[in-house]
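The structures considered in this document are given below.
Two complexes follow with subunit A in common, the first pairing it with subunit B and the second with subunit C.
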Partner chain A sequence: MYLFVEQLVNGWAIGSLYALFGIGFGLVFSTLGILNAAHGTYASWAAIIGYYAVVWYGVPFPVAIVCGVFGGGIIAILVDQLGFQPLRSRRVGLLGAFITSIGFWIILDSLAGFATGQQSLAFPARSYPNALVEIGLIKVSQIQLTIIASLIVVTVGIHLLIQRSRIGAAMRAVGWNDLAAGLSGVNSRIVILLTAFLAGATSGLAGVLGGIATNNVHFSLGEGLMLKGFAAVVVGGFNDVRGTAIAGIMLGIIEVFVAQYISTAFRDGVTYTLLLGFLILRPRGLFGSASFVRA
Partner chain B sequence: MISRLNFKAAASALAFGIAAMSGPASADPEPGEYKIGFIAEETGPVASAGLSFLHGAELAIEHVNAEGFAGEGVTLRMEKKDSGSDAARSVQALTQFIADRNVIAAACCILSPVAGAMEPVATNAKIPLVLYGATRPGLPKLPYVTSIVVLPGPQEVKMTQMLAEKLQPKTVTYFVNADNDGFQGRFKAAQEVMEKAGIETGGVVNILSNDTDFTAGATQAIGTNPDLIMVWTTQTPAGGIIAALRNRGYTGPISASDVIAPAPMWDRIGEALVGVPFPVSFAAEIAETDEAKAFAEAYQAKYNAVPDNYASQGYTAIRYIAQGLKSLDGKPTREALAQAMAAITDIEPNVYGGLPMRDGQADVQKALIAAWTKEGKIAAWEGN
Partner chain C sequence: MEAFLDFWAAYGSTVTFSMVNAFFALSTYAVLSAGVLSFTTVTFAAVGGFLAANMVGNFGLSIYAAFFLSAVGGGLASAIVATLFLRLESHWMALASLALVLITRVVVLNAPGLTGGVYGKVVPMSISQLDLLILLVVVTFIFYRLHNSWYGLTARAVREDAAVASTIGISPFRTQFIAFIVSGIVGGLGGAAMAFTLQFISPETYFVGMAFTMLASTVLGGSFHWFGPIVGALIFTALPATMQAVVPAIEDVAKGIALVLIMVFLPRGLIDPRAVGLRRAAKLREEREKRAAGENANG
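Our next item is the complex of A and B:
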């Protein structure tokens, strides 16, 4: 029983990383209309920035997180303004932006490889809290609790921002029709910059926390998150962060339980079968609105 | 004025030169510069190991040239191409080396599937190809494809027997790469030794090469209440698994393979590796022979780092080619060099205290069982 509960928490923590990443990915898709293949590199770069902040400057754990998160956000803004804004102004559709994003993916991935010397790095063991915390009869590491708490805070925060604030209303308006939003007095440029930053920052948070939790800061770190994060977004629904959060956690738990009770060989197969099933049977996901479309 | 580092390097080269000159007299090949195509793996999934192999090979070129080991007026030059451990890029690099008639021999491959893909290309083109890192048995195909890699099997069996005797576990749980035939075989060999000694298998936790999060796997393994956990996986997962086990509060004994021996692993994983035994054919800190000590000093002087097992293999691959070249007379051809290398029964000098070649495959039975210390050094493991 303890094993079951501990694995449940392990799955929850892994799934929280997928969800954190997926929230950023989904935000860009639902608001900016970009299926961004370069999104995984934001997570890789955030982890790399956080790592060097610790190793070179000896910054404490929370500062390293902030460095990585801001780094991810700034890179997302740069990619958006250099790559997507020119396309946006020419009204190039989803395919053009997708192809551009593949170009950025390759460039940022290669640069990340240079930044890490193509090596697998790890945050120094004493640079982050990783003691085991006893909760009842089970043990959970502090970094797992940090990941789980981060997802809750980010999900609630972004949900409230989008649904309850004026900025969120502007984001939704731009997501529907940026021209119409502009005519209504919304500064689309600011909304786009804010959305790109938020998306890069949340995925960056997943990257830094994932790099710490797995002892693996690698230039391809984001690629693993990309596949699972995308699955979380599809299953949860593109335009609802709550759905992405729940779907991400669900995927993590399924993944761990399949490995524990069935076989590692089926682990990813089950995840992607679920993804395929949702794409065919319920393309709007668990929580996505039926009217959500992206041309 | 000769700097201290240069003096050390010169002394190391001299030590190797003396060892080299003590071998049998031979005719020399035609003086000139001969290129060796080195397919490096500085990028890709095993880049940290790839760098060690490359550095070892570069040092060997320097030593061979400084000693005049390959013959009077004969020098070697390395032509390097990076493959990123990708089979297609490796084949492409070898094809380019084949097209360059000044390339007399090539060396390649850390991963066995990549080495397997290279074998027919080298054989068809009749170019000597030395495998410096791939560990799957049966890869050499004489006379063109040979391997200086000390196969891990006998060493790992020896370590497993030692663990069974010294730790006397009742149950062992294994981590193994589900998607790597080589490690599957190594795990099964260890399991067989343990089960023959009456030690039960507590569980087998399968992981995949691309996995990065091992918290769930560690929880699963700890849940089997093992007396020993053996990790038979590739390098990156091995470090992650050991760290995850310690992070999850497992304090019992863990063993691993030589993948945890390189210094970058210590830099990455740190104290979680302390006391985890692994078999290794070369470790600079516990090397005993003069050749090994000279190699370690020269490597330290050139790269400001302690050479690991992989560096010694890169070094050996080049010395092996040089030894074959040295035995030729007149204008050497690739075919003649391949035949000469295939005929070598002992690589001399070497850093292992003896390196017999059998059917084109290095065949060393002795093994060092080592472990990392708290100070980040490798020391002989004595079972405690």
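Our next item is the complex of A and C:
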């Protein structure tokens, strides 16, 4: 029982990372219609930026996170403006943007390799809170609690932003039909920049927290998150942040339990089979709406 | 002659690998030319590659028989995949095919009896460049014939607009199913070619990296004509090798930048029949106007 609850929390924390990462990926896909292969590199870069902020300037933990988050957001905006903006007027569709994003993936990935010297780095042990907190029966590390809380805050925040605010309505409008949105006075430029920034920032948050939690800052950090985050987005439904959050947590828990009680060999297999099953049987995901036009 | 031999010593393997990649690019092109964006070529290649490795390694078959079986295996796999995937809308199909690539690796990892699992599999035979070239030429000839056949015409119609195509009596499902089968056969051949070239295959051989490379080569070369993927594969394979000679440190970065630049400035790829047609039409128009102007001046 003890082990069960502890693994439940572990799974929840891992799943929260997947979900944090997936939220941005889904946001870009549903709003801008881009399948962004470079999304994982934002997380790697954010972790690297956070790491150097700590190592070089000795900034406290929250500042390091903010650095990583903003770094991820700014890189995402740069990629969007340099790579995707020129394609928008030409209507090259999903494929052109996807190939461009592969290009950026290669560029950012190898640059990240240089930045880390092809090595695996670790945040200095004292630079982040890592004490164990006792909750009822079990002990949970502070970093896991931070991850779990971050996902809840980000999910609620972005959900409110999209569903309740004017700019959120504009984002939904652009996602549904960007031409019609532009005709009715939505400034798509701002929507594009905001979406790109949010995507980069959430991915960055997942990157920094993941880098700390796994004690491993590596240029391919984003790649692992990418595959699982992608699964979370598909299972949860592309156009609903809440769905991604719940599906991410679910996948994390399933993964940990499969590894614990069945076999580590099947860990990824179960996740990807779920992913394929959902794509074939229920492509709009658990919570997605049927009238999702873009995809 | 001396210079040629030097070149061959330095870049012979690059040429071989671009031929192997040309199979994958053609396989991706096969489905793309019918309007399907799919990464499943990786799966077909894995089927072909491991099938070939087993046939040669465990059953002592000849390399040609192994190629034949790989093609059959790839084709069968594609029939199954096509039946499942063709019910999906295009964007979901792209995602589902990516998921299938991820699952392929998990399956390969967990079937050590057939694939060697984590440790990979050694392939005890290699293919000569000439054989590879002949095979590629045969496959290309088939693509050339397909392009100019009724099937090629329907594929282009389905790609432009599936709804319109079905109103004039073309079945998008049938067209895309055939496209998948062609993709599977060529993908299986490519997988076997890869196995015999590398002589060692592991779960990582047939994974996301390959999926992205083949799609990038196809789109880079141009996905509207069968010659495009071959050119694209050649460039995309040769680019890193040449970059390595010029700027060794940032070889990958340069590859990425080249990819982005080509997509931004030539989004339809290098080989684009439409651009050729447009240029020809523009030239014709110019000549006609000149002639008309001349007649006006005379009259």
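Keep this in mind: the second predicted complex is superposed on the first by the 293 of 295 C-alpha atoms of A that agree within 3 Å, B and C clash if a C-alpha of one lies under 4 Å from a C-alpha of the other, contacts with A are read in each partner's own complex, and residues count from 1 in each chain.
Note that in this section contacts are C-beta pairs under 8 Å (C-beta built on N, C-alpha and C of every residue); 3 or more make two chains touch, one makes a residue touch a chain.
Note that the structure is a prediction, hence the values are computed from the model and not measured.
Upon superposition of the two complexes on subunit A, no clash is found between subunit B and subunit C, which fit side by side. Of the two partner chains placed by superposition, only subunit C is touched by A:L87; subunit B is not. Shared-chain residue A:G103: touches subunit C; no touch with subunit B.
In the superposition on chain A, contact is made by A:F230 with subunit C only, not with subunit B. With chain A as the common frame, subunit A serves as the apex of an angle whose CA-centre rays point to subunit B and subunit C; its value is 70 degrees, to a multiple of 10. Shared-chain residue A:V156: touches no atom of subunit B or subunit C. By the touch criterion defined above, A:V133 lies against neither subunit B nor subunit C after alignment on the C-alpha atoms of chain A.
With both structures placed on the common chain, the touch criterion links A:A265 to subunit B and to subunit C. Least inter-chain distance for subunit B and subunit C in the combined superposition, rounded to the nearest angstrom, is 5, based on C-alpha atoms.
Subunit A residues in contact with subunit B (one complex) as well as with subunit C (other complex) are 265, 268. Per the touch definition, subunit A reaches subunit B in the complex via residues 3, 6-7, 10-11, 13-14, 113, 117-122, 124-125, 130, 132, 139, 141, 144, 210, 213-216, 218, 221, 224, 256, 259-260, 263-265, 267-268. Against subunit A, in their complex, subunit B makes its touches with residues 42-44, 47-48, 178, 205-208, 210, 212-217, 219-220, 223, 236, 239-240, 243-244, 247-249, 264, 268-272. Across the interface of their complex, subunit C is touched by residues 35, 37, 82-83, 86-87, 90, 92, 94-96, 98-100, 102-111, 227, 230-231, 234, 265-266, 268-269, 272-273, 275-276, 279-280, 283, 294-295 of subunit A.
Of all the residues in subunit C, the ones that touch subunit A in their complex are 32, 37, 84-85, 87-92, 94-96, 98-100, 102-103, 106-107, 109-110, 208, 212, 215-216, 219-220, 223, 250, 252-253, 255-260, 263-264, 267.
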